[in-house]
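Just below sit the structures, each encoded as structure tokens.
Paired with chain B in one complex and with chain C in the other, chain A is shared by the two complexes that follow.
Up next, the complex of A and B:
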């Protein structure tokens, strides 16, 4: 490992040369920046990862069943496990998806589950990302470069090889493919994760396409070559959000989408990964109900814990939140990417009062959580090793069953006082080593 | 039983050539317990089309015209049998019809108005059908039918503030009130005898039956109406939606004719 740390500059230099960047919007301008890599990996012992593996597969399996139910039979609402308000008032619920069962019944093909480890070494799920979770390529390419910089590190330690991600992804696409080629749909090079789109296309043997390359004719979707030749498309791993997917069904101003692709999907003639409408299952309000969702569909006790969460929607919880505001973290259910997250202790007296009023007038809009004391990880800062907050995004790929990738993206905050680790907030990343024995 | 003949024609003229034109049309009347299509002819001036059904059960004709063109027209014509004594059945209506949308959201002004009505008439002890009937009457008498003040994206609360609008606004305001009262209600687009363009009204679900109310005409929906589509609000029922490449102004001409066959 010390061997590897000597190469931190080499690896970061290589990452820069390969174009591993993260683009962010700040003050309305697009800025692409390097996503700093820290050579000290997060190491997860085998037994611990086996536990995570079971828990993550269980969680994603249940969330897929939940999505199929919500857009079809709605048993969980009829049985009053979840108040229907939480579904129908959520911006994540898309009425356009009513009655649709996607190919092979899979809604969330690629799921990114964000976890943190508390200082008591317990793991907590902080967030499920079932729409367009990004980030798998970072540990993948970093591992590749580290292996080049310090091959000994990997031959002397028993580390699960993470190079099978592309294989898992290809299997996931092939499983739902309705006949035709696999395509990765990107909004283009100005997207924060464009690097990842092109990397994954190359690794899975898919075609990287923008909306202009795809066209609907009759009831099918085609990829159009420069010479006008057309190939039928059977699966689209789309890296654009639901809103922009089809201007005929969703935001009409979208110029990155494909008119009528949604109609082809509805007829079962193309698979969309992930399925439109998944936003209802990773809604921050629905998060609270995930343990109940697991029990309801699988008749099993949840293996992984949620962070202790309160719903101001329920009177009892609202009372607790208002009384303990200063020690909680409050999240706006409509926001993502580290935006709309407020720590009660950081607000002034007036701000606290304002915020409490907002909670009283719009209780459905917020959730509150106990602040978890993270187990800090070592991060290399120049020659020194410092402690920083970090999370783990685990990737779960669902084909005939949910499979957890034996790696993951560990993001850390470079600011010692901040616990927000999202890459769009300017953090760095680490490789995640899962030990094989 | 009443037999109605209808013709619905729309023509677009573009000021320049456009291309890569994609369209979705909701122009075919529904087959329900209440209305049955006897004859139907549809014509879209290019033949590369297909058919589908949206999430609300509306029939759609969709297609694309990739080559440059400067006109686009379509037509639906047919005969429909209306049984005025029958109602559309739906024991388990979609729950989303209970929830407001952006276009049918309430504001303070509307809430005060509704609360006043509710106290005056005692809505709390009335059945949904009667509450709906009363709300329809009140909207009809407080609103003024004026074209050009509102457009297709005007919300119920804006139109209610002006107390002016067209059938779409009347229907949105009524939906906002009904849903605030907890009544399952939806937006309907269709045609009506004596009206030269398409028309909009609302339906409420009571005990598994859908009942139509037309606040623009202060009328319970009868045998003069042909229903085409329904949804949460205008956006789910757009008759003709298009997306094309090209810098062009468009002029739309709509002709609707409904007459009784005797």
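Up next, the complex of A and C:
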């Protein structure tokens, strides 16, 4: 490991050479930033990963069943496992998706599940990302460069090779492909994750397309070639949000979507990965119900733990949240990317009072969680090794079954006083090694 | 044959044009730099006239810095390198990460040269990276259309620049022949009127350079 750490600057230089960066908008200006890489990996022993593997596959399988049910039979609502209003008032629920069953019944093809390990070494799921989760490309390319920088590190340790991600992704796309080419749909180069879109297109042999390249004709989706030919598209791994996917169905002002693509999808003539409407299952409020969802659909006990969560929507929970505000972390269900997260202990008396009023007036908008003391990870800081907060985004790809990628994106906070690990807020990343024995 | 949309074909051709513009301009810039040291200090005025770019420079020194590095100046070499970069970045899936990396490195080296005490020497590395980029395209990209779209873009730009600098007829004809070769391989549609106009101008003894430049600028319609 020390040998690899000696090359941290070289590996970061190579990551820059390959354009590994992400974009952010600050003060209405687009800026590209490098994503700092730390060579000290997160190491997950085999037995521990076997446990995570089972738990993650179970969770994603159940969430896929939940999505199929919510947009079709709604048994879980009829059986009053989840309050009906709770689903229908969610911004992630799309009435346009009612009655649609996507190709092969898969809704969440690529799921990014955010976990943290507490200082008691227990793993907790913090968030399910079932819409457009990003991040797999970073450990994928970093591994490739680390193997070059320090071959001995990899020949002397038993580490699962993570470079099969593109293969898994291609398999996932092929499984639901309705006939035609695979396309990765990007909003364009000024998207925060454009590096990932283009890199995954290269690695999976898919075509990277923008909305301008695709056209709907006669209930089919086509990629328009420069010589006038049209190629049918069977699967679209879309990296744009539901709102902007089809201006005829969703936001009419969208200039990055494809008019009528949703109609083609509804008729089963193209697969959209992930399916529109998935936002209902990764709503921070629905997260509270995931253990119940697992029990309901699979008749199994959940393997992975949720962080202890309270829904101010319920009177009893609201009372607890208001009484224990200072020791909780409050999350706005409509926000993402580390935004809308407030630690009660960090607020002034006036701010606490204001926030409590917000919770009382808009209880559906927030969830509250017990603060988990993360198990800090070692991070290189110049010549020193320091401890920093980190999370893990695990990727689960669903084709005929849910498969967990034997790696993941470990993000860490570079600020010693912060638990916010998001790249948009200055965080760095690590590779995640899963030991094979 | 790969699957290429109109937008991507355009990106590939402009990638060829801008990378060529940076490469050839760097060579010309180095010669001009040398000339302005002790032979023709005001040569930059003529240089701007030839290229039909606004002379926004106050002196040879000002030209040497701003024409190379000022990214607020849309005619600068660096601005053109960024345009090459913009077109390359969206083509990773076609040209490969390995090829794209050379454009990334050219940008990186340009930034280094900008703050260097000896910018001219450092610019050699920018040129090396562009050459390596073209070499990598030939080595890594199997698709004949992709390779030739870049090449036809390069040759159009080269001919355009050579016309503006009033180069020898023999040189101009050589680039035109290559445009025809690569254009055919890339299956591009030449604009017939401009194609024949250009061929005619390059053949006749008293070539009208302005007409030829206009024809080469409108040679391909996408």
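Methods note: the second predicted complex is superposed on the first by the 437 of 437 C-alpha atoms of A that agree within 3 Å, B and C clash if a C-alpha of one lies under 4 Å from a C-alpha of the other, contacts with A are read in each partner's own complex, and residues count from 1 in each chain.
Just so it is clear, a contact is a pair of C-beta atoms (placed from the backbone, for glycine too) under 8 Å apart; a residue touches a chain by one contact, two chains touch by 3 or more.
What you see is a predicted model; the values in this text were computed from it and never measured.
Visitor: On chain A, do chain B and chain C fit together or clash when superposed?
Guide: In the superposition, chain B and chain C stay clear of each other.
Visitor: Quick check on the superposed pair: does A:411 touch chain B, chain C, both, or neither? Answer first, second, both or neither.
Guide: Neither chain B nor chain C is touched by A:411.
Visitor: Give one of first, second, both or neither to describe whether A:189 is in contact with chain B, with chain C, with both, or with none.
Guide: second
Visitor: A:97 in the overlay: touching chain B, chain C, both, or neither? Say first, second, both or neither.
Guide: Only chain B; A:97 stays clear of chain C.
Visitor: Contact-wise, after the overlay, does A:7 reach chain B, chain C, both or neither (first, second, both, neither)?
Guide: In the superposition, A:7 touches no partner, neither chain B nor chain C.
Visitor: Just checking: does A:77 make contact with chain B only, chain C only, both, or neither of them? Give me first, second, both or neither.
Guide: first
Visitor: A:388 contacts which: chain B (first), chain C (second), both, neither?
Guide: A:388 sits against neither chain B nor chain C.
Visitor: After the superposition on A, what does A:223 contact: first (chain B), second (chain C), both or neither?
Guide: second
Visitor: Quick check on the superposed pair: does A:213 touch chain B, chain C, both, or neither? Answer first, second, both or neither.
Guide: A:213 contacts chain C only, not chain B.
Visitor: Please give the nearest C-alpha separation between chain B and chain C in the three-chain superposition, to the whole Å.
Guide: Result, nearest C-alpha distance in the overlay: 15 Å.
Visitor: For the complex, give me every residue of chain A touching chain B.
Guide: Result: residues 74, 77, 84, 88-89, 95-100, 216-219, 247-248, 252, 259-260, 263, 266-267 of chain A touch chain B.
Visitor: Show which residues of chain C lie in contact with chain A when the two form their complex.
Guide: By the definition above, chain C touches chain A via 3-10, 86, 89-90, 92-93, 96-97, 100-101, 104-105, 108, 187, 222.
Visitor: For the complex, give me every residue of chain B touching chain A.
Guide: Those in contact with chain A are residues 22, 24, 48, 50, 52, 54-56, 60, 62, 64, 94-96, 98-99, 232, 236, 241, 243.
Visitor: Show which residues of chain A lie in contact with chain C when the two form their complex.
Guide: 16-19, 181, 184, 188-189, 194, 198-199, 201-202, 206-210, 212-213, 223-227, 231
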